[in-house]
Amino acid sequence: MKKIEAIIKPFKLDEVKEGLTAIGAHGLTVTEVKGFGRQKGHTELYRGAEYVVDFLPKIKIEVVIADEMVEAAIEKITSAASVGKIGDGKIFVIPVEEVVRIRTGERGQEAI
Amino acid sequence: METKTPFAFKGLAAAFGLGLVLMTAPAFAEEAVETAPATETAEAPAAEAPAAEAVASEAVAVEEAPAAEAAAEAPAEEAPGITPAELKVIADTMWLLIAGMLVFFMNTGFAMLEAGLCRQKNTVNILSKNVIVFGMASLSFWLLGWGFMYGEGNPFIGLADFMLSIPGEAGKVPKEASFFFQLVFAATAATIVSGAVAERIKYPAFFVFSFLLVAFIYPVTGHWTWGGGWLFEMGFGDFAGSTVVHSVGGWAALTGAIILGPRLGKFTANGVRPIPGHNQAMAALGMFILWFGWFGFNPGSQLAADAGPIAHITVTTNMAAAAGLLAATLVSYLMMGKPDLSMAINGALAGLVAITAGCDGVSVAGSVIIGLIGGAIVVVSVTFFDKIKIDDPVGALSVHLVNGIWGTLAVGLFNTEKGLLYGGGIDKLVSQVIGIVSIGAYVVIVSAILWFAIKAVMGLRVSSEEEYEGLDLGEHGMEAYPDFSVRKAPIY
Amino acid sequence: METKTPFAFKGLAAAFGLGLVLMTAPAFAEEAVETAPATETAEAPAAEAPAAEAVASEAVAVEEAPAAEAAAEAPAEEAPGITPAELKVIADTMWLLIAGMLVFFMNTGFAMLEAGLCRQKNTVNILSKNVIVFGMASLSFWLLGWGFMYGEGNPFIGLADFMLSIPGEAGKVPKEASFFFQLVFAATAATIVSGAVAERIKYPAFFVFSFLLVAFIYPVTGHWTWGGGWLFEMGFGDFAGSTVVHSVGGWAALTGAIILGPRLGKFTANGVRPIPGHNQAMAALGMFILWFGWFGFNPGSQLAADAGPIAHITVTTNMAAAAGLLAATLVSYLMMGKPDLSMAINGALAGLVAITAGCDGVSVAGSVIIGLIGGAIVVVSVTFFDKIKIDDPVGALSVHLVNGIWGTLAVGLFNTEKGLLYGGGIDKLVSQVIGIVSIGAYVVIVSAILWFAIKAVMGLRVSSEEEYEGLDLGEHGMEAYPDFSVRKAPIY
Amino acid sequence: METKTPFAFKGLAAAFGLGLVLMTAPAFAEEAVETAPATETAEAPAAEAPAAEAVASEAVAVEEAPAAEAAAEAPAEEAPGITPAELKVIADTMWLLIAGMLVFFMNTGFAMLEAGLCRQKNTVNILSKNVIVFGMASLSFWLLGWGFMYGEGNPFIGLADFMLSIPGEAGKVPKEASFFFQLVFAATAATIVSGAVAERIKYPAFFVFSFLLVAFIYPVTGHWTWGGGWLFEMGFGDFAGSTVVHSVGGWAALTGAIILGPRLGKFTANGVRPIPGHNQAMAALGMFILWFGWFGFNPGSQLAADAGPIAHITVTTNMAAAAGLLAATLVSYLMMGKPDLSMAINGALAGLVAITAGCDGVSVAGSVIIGLIGGAIVVVSVTFFDKIKIDDPVGALSVHLVNGIWGTLAVGLFNTEKGLLYGGGIDKLVSQVIGIVSIGAYVVIVSAILWFAIKAVMGLRVSSEEEYEGLDLGEHGMEAYPDFSVRKAPIY
Amino acid sequence: MKKIEAIIKPFKLDEVKEGLTAIGAHGLTVTEVKGFGRQKGHTELYRGAEYVVDFLPKIKIEVVIADEMVEAAIEKITSAASVGKIGDGKIFVIPVEEVVRIRTGERGQEAI
Amino acid sequence: MKKIEAIIKPFKLDEVKEGLTAIGAHGLTVTEVKGFGRQKGHTELYRGAEYVVDFLPKIKIEVVIADEMVEAAIEKITSAASVGKIGDGKIFVIPVEEVVRIRTGERGQEAI
C-alpha cells in the first residue's frame, strides 16, 4: 500500500476529489498548508510599506491506496490539478506498511 | 498580479484630487469674504434673541474655553431671553442631528453585514468599499448632490445652493442640520449598491459609480419627491424613503449585478451553489447596528421633534422589524426545516425597509402586518433571484429593492387616512405605483448607461484569477486576517 | 442529523404564524375604524396648541414631503404657539425615545458578549437566539405583556390595554414612547436567559420560553412593582430594575440552567474544566455596547428629561461600572496571579446591574462602593456556581441574578434618604428583602413549571452527539465561520 | 512563565484597592451627612420652579415608580410651572449627556481599532488595556483629575473640588453633566497611549501610567487651557481638543514608544518589516465607531444645545473626516499603486483629529481642506515614524499627535475670524504655536519621568520570549480565539 | 522506527493521547484536517439553499515510535478512538529511517 | 528520495527556510500543528479557573529532497531551529518512492 501526498492549488480540490473517487478511492484526508516553491509569492501592503509573502496557500491531499492503483491515481491527480502554470504542485508516493480501520480493527487492503 | 487599471485609475485619482482642490478653492475664497455673515446666520436663532449681547460675548467665551466653567456661567445669562419658539428650533435641531448620527452609524452596520456575508478572501475589499463610499458620498453630495436635490430649479431637478452657497434662514432649524441629515441618506443609497456587486467588481469602478450615484442619480429622483418636484405634486408619498432611498439604491444595484454577472461558481450545471458568508457574527452585528440606526432613519424623517409622531414612528419601525424577523425565521423554518440565521437577519432588514415609507401613517397593527409580509417576501425573493441567476451576495436586492417597492405600495394600502384598506380609495395606491415605476425606470436607465461607460473606460470586473484568489490580494494587496490560517477557497 | 422536533416545531411555527395573523386581524379591523382619532391622539400635544390649524396643515405637509423644505418652512409658523409645557413633553419624549434606542442597542451587546463567551461551534445558535428573542419579545409584549404589566387591573396583574387598545392622554408624553421604553426592558429580561442556557438548549424550546417570559412572567412581577401593584404599595424600590429586570431574567435563567444540567465535559471527575469562549474581542465589544446602552437603561428610567436627576444617574451608573471593572480585575489578579479579561468584563457588567436599582438615590461615592462590591461579588460568584455545578457559560447568573439582588439590597443601605447607612432606618431594607424574595419565589416557580412543560412537549436539550458537533450544525445547519479552518473541539 | 512582576503588582493592586476604599470612605462619610442638600442641589433647577411642591411630590413618585404611570401622570402637573430658561438647561444637559455617551462609546472604537491593528497573539492584552483604562480613568479623574483641571486654583493648576466635593450652582447645567463629559475626554487621552505602546508593554506598567496620566498630566494642561489657566488667558484656542486631548495623549505615547523601543522584528537589517494587524474588519469597525463617537466629541464641546453651532460643527466634523479618508486613500494609491485600507482608516481619523480644534470656527470648505491635508499628512507621517524607527503599531502618533498639531495650527490659518488666511493676522497662529510647544514640552518631560520611574520600580517591557509567544499568554494566561487554529508568528 | 498516522474524530483526541502516553510515547504531533470517506457529510443551509458538505473535521495524530511499540500503539489508538460508528478513522503505519532531536542532535531511538 | 519532516518552533520558520534554500532545496510545504512532548504546556485562566494546555503551537516543515542532500538538510535544520531549550523539535526522515510535478508530469529527481 502507498500513501499518495499531493500538494495542489486550493481551488482544484473538488476536481481532484472527484477524479480519485472515480478510480475507486473511498477516502482521503485534506490539510490546509502553505507552500514555498518556484512559484513566486506576492507583494502585500500594510500601512504604507511593502513586504513579500513567500508562502502561498495550498491544499495537501493524502490518500492511501493499494499499490496497483498508484499509477491511476497519479494520472487522475495530474490531470485534474493541472492548470499548466508554475505552482500547480507535486505528488509524493510514500510506502505504507499497515493500515487499520479503527471502527472494525480490519487491517491491510480491506481497511483502506 | 499585473492589472491595467492602476495606471488609468492613478490618473483618475490624481485628477480627482486636483479637481477637489480646485473645486473647493473658490468656495473657500468666497467664504473668506462672506464668512462673518455666514457664521452669524448659523447662530442666528440665538443672535436675534433679546439678550443678544450676552450671547455674543458668550460666543467668544465658548470658542475659547469650551469647558466646565463656560458651561457653568453662560446659560444663566442667556436663559432669560430665550423664547419657546427658539427652544422648539433647538429641540428640532437636536433631534435631526442625533437622528443623522444614527443614520451615519448605519454605514457601520452595512460594512459589518456585507463583510460578514461575503467570503474571507474579499473582506478587505468590501470594507474598503464601505469605508470609501461614505467619504465619497459626503464630498459628492456637498459639491453637487444637495444642489440638484434641494436647490431651486424646476420640477425635475434642482439647480442651486451647490456647496451650501446660499445662507440659511434665521429662526429655523439651521440648514446645516438638514444638510447633514440628507447627506447620510444619500450615502445609504450608495452603500446598498456595494453589497449586490460585491466579490467581483473592481474597486475603482465602484468608486466612480458611487460618486455619480450620489452626485446625480439619487438627487434627481430625490428632487422629484422630497425636493418638491413633479412626483411630490402628484401625491406620491414616501415618508422616509422606501423608494427614494432603498429602491433607488436597489435599482442601481440590480443593474450592476446583471451587467457584472454572477460570481464564478455560484450557478453550476447542478444548480445554485450557495456561497456562505465567512462570519455570521459580523453579519448579526451589522443587522443590529442597522436596526439601531433605523431609529434615526425613520423617526428622524419627521424632521422635527414632534412628540406624538416620533413616538409613533419609533414604535411602528420597531414592530415591523420584529415582525419581519419572525416571519422570515418561520417561513425559512417551514420551507427548509431549520431556522436560517442569514434569513432572519434579512427578514428584520426587510421589515425595516418595508415600514420606511409608511411608518408615520400606519397603525401599529398595520406595521406588524407590513413587517410580516416583508419578512415572508424576502425569503421568496432571495430564492427567486437565485432562480433567475442574478447573483446578489448579501441579499441587497431582496431587502432594499423588493421590500422598498412593497413598503411604498403598502402606504397605498395601510395608510390610515388614504389607504385602500382604510377606505381611502385607490388614488393613493395609483400615485404610489406611478412613483415606483417612474423612479425605477429612470434609475435603471441612467445606471445602465453609467455602468457601461465605466466598463468601457476602466473595466468593471476583476479577472477570474483574481476572483479565485480574492479581491483582497488583487485590489488591495492586503489580507483581512493575516494571522489566521485561512483557506482561499472553502472546502465543501 | 435527524431530530424529532422539527415536526413538532413546524406545527408550532405554523400555529404561531396563524395565531399572529388572527390576533392582529381584529386589532387591524378595529383600527380601520378608529384610526383617525387614534392618530389625532398621537399628535395631541401639538393639536391642542393655539396654532392648531397651522399645525394640522403642516402635519399633512410633513407626511408628504419630509424634506429640507418642510423643515425649513414649518417651524416658523408653528413656533409662536408652542408652550413651555409642550416643550417639556417634547424633551421628555426625546429623552425616553433616545434612551429606549440605547436599551435596544443592548441586544447587540448581549449577542456579542454571549457569542464571544461561547464556543465557535455554537455561534450561529447563540446569535439566532439573541436575534429572535428581541423580535419575539416585541410581538409578545405588544400582544400581552404591556397589558398585564401596565393595564388597569388588581394589585397582582394588569388586565387592560392589550395591543395598546386604549388611547393615550393628551398633553403628556405619548403612550407609545412609554411603550417602546418598556418593551426594550422586557426584551432585556428575556435575553438574560439566553446566556445561561447556551450551548445545550434546543432552539424551539428557547423560542417558546422567551415568548412566555415576556408575555407573562416578567409583566406580572413588573405589575407588582412598576405597575403600581402590591410591592409598590409596600414601599419596595427598584429604580431601573436590578430586580424587576435583571433578577427576574436571572431567576428564570437559574431555573433553566439547573433543569438543563451542565454542558458535557464541564464538570469532570478531576474538577471544573473551563470551556473558554471563542472570541474575547467579541465579548469585549459586547461589554462596551452594554455599558453604552446602560446610559439609556438607567438615566432613561427617570422617564423625563429632568436635568439634575439624569446627570446624576449618568454619573453613578458610570462610576459603578468603572468600580466593578476595577474590583473584578484586582480581585481576580490577587486570586489567580493574572488579570483575567473575562472577569473584568463581567465585573463592569456586575457594577452596572448593581447600581441599576439605586442609581437615582445614592451619592457618587456610594455608587463607587456599590460597584466595587459588585465587582468583587462577581468573581466569587462565578467560582461558587462552578463549585455547586450549575453551569452558566457566560456568567449571566453572577452578573444579573446575584448582582441584581445585591443592587436591590444596596438601595436599603446606601439610599441617601432612606438607606440604613444614612440613618434612614431598617424599613427600606426590609421592603427590599420582601421584594427580592417574593419576586424570586414567583419567578422560580412559574419558570420551573414552564421549563418542565416545554421539556415534556418538545424536549429541552439537544442530543449529546449534537452537543459535541455543535448546535450550529444541529439546530441550524450552518457554520458561523465556514471559511476558516476550525476545530469543533478545542485542543487543550 | 514565571515573571517577577506579579508579586510587585499584587502588592500594588492590594495597595490600590485599599487606597480606593480609604479614599472613598471619607467622601462617603461626609456625604452621609451632607447628602440631603447635595441631592437637592442636583435637582435644584426643578426645585426652584414655582410648582415646587408638585415637583417635590413627583420626585418621590418617580423614585418609587419610574414606570409608565408616573410618566403619564407627572408631566401634566409639572409642566405649567416650567420656564424657558429651565428648558434651555434641560436641552443643554441632554445634549451634553448624549454627547458624553457618544464619547464614551469611542472607547469601543479604540478597543476594536487597536486590537484589529495588532497581532492575534496580543489581542487579550490590548483589549484588557482598553477596558481597564476607562475604568481606571473614571476613578482617577473623579478622585484627582477633575479637581486639578477645573477646581479653583492658580493659572497652572486647579486645587479644589476633588471628588466633586463642592455643590453645583442652581439654575445651570448640573455639574455632574459637565463632569461626565470631561471624564470621557480624559479617558480618551489615556486610551491614545495604549495603541502606541501596544504589543510589548507590561500590563501593570500601563495600568499605573494611565492612572497618573488621567490624575495629573492631562488635567494640568487641561487647566492651562479649558480650565481658564495661562494659555487660555494668552488666547490659545482649541475648541474640542486637538491639542488638549489628542496631542497630550500623543506626546505621552511618543515618549512611551521611544523608551520602550520597537517591537522585535519590526526593524531588521533589510529595512522595515510591516507587522500586519490581525483583523481588518475589527479595525474598520473601530474607525466607524470612532467617527460616530466624534459626533459627541466635537458638537458636544459646544457644551450647550445651541442650534446653529452644533449643526455647523457636526457638518465640519463629518466633512473633514470624509476628506481625510479620501486623501489618505488617494495618496496611498498614488504612492503604492493600491488603495490601502489601513491607511484609509487612519486618514479618516486624521481628518477627525485635525478638525477637532477648529470645528466651530472654520467654514465647511475650510473643514474639507483641513481634512484633505490631514489625510495626506497621516500617510507621510506613518512612513516617517517607520523611517526614524519609532514603532507605533496602530499609527496613534500620526493620527493623534501629528494631526493634533496640524489641527491646532489650522485654527490660526482657517478660523474665519482670526485665521491668517481670512485676514485675521498672525496673532492667533502665534498663540497656537506657543500652546502646542508648551504643552508638548510639559507632557514629554513629565511622561518621560513617569515612564522611567515605572521602569525602575516594576519594569516596562515584557521579556522577548513573552513577546514572541504573545502577551495574551504571558500577561493574562488567556487566548483570544482558543477555538481557532492559530499561529503565534505569522508565516510570510 | 515507524510513524503512526491516525485520523480520528476530534473529540477523541484526549483519550488517544492518554492511551499513547500510557504505553510510553513521549511526544506526538496533532493536525487539524478534513476527511472524506464512507461517513457521509451533512447538508448545510444558507439563505434558502441547501448544499452538501463532504469534508468533515478530523484530527490527524502523528507519533513516531520504535518498531516494537507499533502493535501496542495500534491497539491503544483503536480502543481509545473507537465509537463503533462509521467515520471513526484510520491508522497508517509508515517507515521512518531516521529521527533527530533538534535540541541535542541525538539520533535514532534516543531521539524519539 | 526522502521526505524530511521537521517539527519546529514557529518563530524559527524563516531561518529554517533560508537554511534549506541555501543548500538548494527549491520547495517546501509548511503546516501549522500542535505538539505534545517533553516541553510542558502552560496553565491558562478563564473566568476564575485554571486549566493546563498540553498542546503547543509548532510548525511542521515537509521537504522532499534527493538522498544525498539528507545529511546537509538535517544539519541546516538542526542549526537553524535550535534554541537549545526543550521543545526545539524533531526531524523525521521518511522514504519517498516517487515524485511527480503536476504541471509537467516530470518524475523523480527532476520533479523535486
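Lettered A, B, C, D, E and F in written order, each chain numbered from 1.
One rule holds in what follows: contacts are C-beta pairs under 8 Å (C-beta built on N, C-alpha and C of every residue); 3 or more make two chains touch, one makes a residue touch a chain.
None of these values were measured; they are calculated from a predicted model.
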| item | value |
| --- | --- |
| Distance in touch steps, counted as few as possible, from subunit B out to subunit E | 1 |
| Intersection of contact partners for subunit B and subunit F | A, C, D, E |
| Whole-Å gap separating subunit A and subunit F, where each centre is the average of the chain's CA atoms | 18 |
| Whole-Å gap separating subunit C and subunit E, where each centre is the average of the chain's CA atoms | 47 |
| Rounded Å distance between subunit B and subunit D, as computed from the means of their C-alpha atoms | 30 |
| Junction residues of subunit B, two or more chains touched | 84, 86-87, 89, 91, 94, 98, 173, 175, 179, 276-277, 279, 285, 336, 338, 340, 342, 476-479, 484-487, 491-492 |
| Multi-partner residues of subunit A (each touching 2 or more other chains) | 30-32, 34, 44-46, 50, 54-55, 94-95 |
| Those chain pairs that satisfy the touch definition | A-B, A-D, A-E, A-F, B-C, B-D, B-E, C-D, C-E, C-F, D-F, E-F |
| Contact set on subunit D toward subunit B in their complex | 84-89, 91-92, 94-96, 98, 102, 119-121, 150, 168-169, 171-173, 175, 178-179, 182, 222, 225-228, 232, 235, 237, 239-240, 276-281, 284-285, 287-289, 291-292, 295, 299, 301-312, 314-315, 318-319, 321-323, 325-327, 329-330, 333-334, 336-342, 344-345, 348, 360-361, 363-366, 368-369, 372, 416-417, 421-423, 481, 484-487, 490 |
| Subunit E-facing residues of subunit C, complex | 1, 468, 473, 476-479, 485-489, 491-492 |
| Residues on subunit A engaged by subunit E in the complex (per definition of touch) | 3, 17, 26-31, 64, 94-103, 105, 111 |
| Of all residues in subunit A, those that touch subunit F in their complex | 2, 6-8, 31-38, 54-55, 58, 60, 70, 74, 77-78, 81-95 |
| Touching residues on subunit B, where the partner in the complex is subunit D | 6, 9-10, 13-14, 16-17, 20-21, 24, 27-28, 31-32, 35-36, 38-39, 41-46, 62-72, 74-76, 78-80, 82-84, 86-87, 89-91, 93-94, 97-98, 100-101, 104-105, 107-108, 111-112, 115, 123-124, 127-128, 130-132, 134-139, 142, 163-164, 173-177, 179-180, 183, 203, 279, 282, 285, 475-485 |
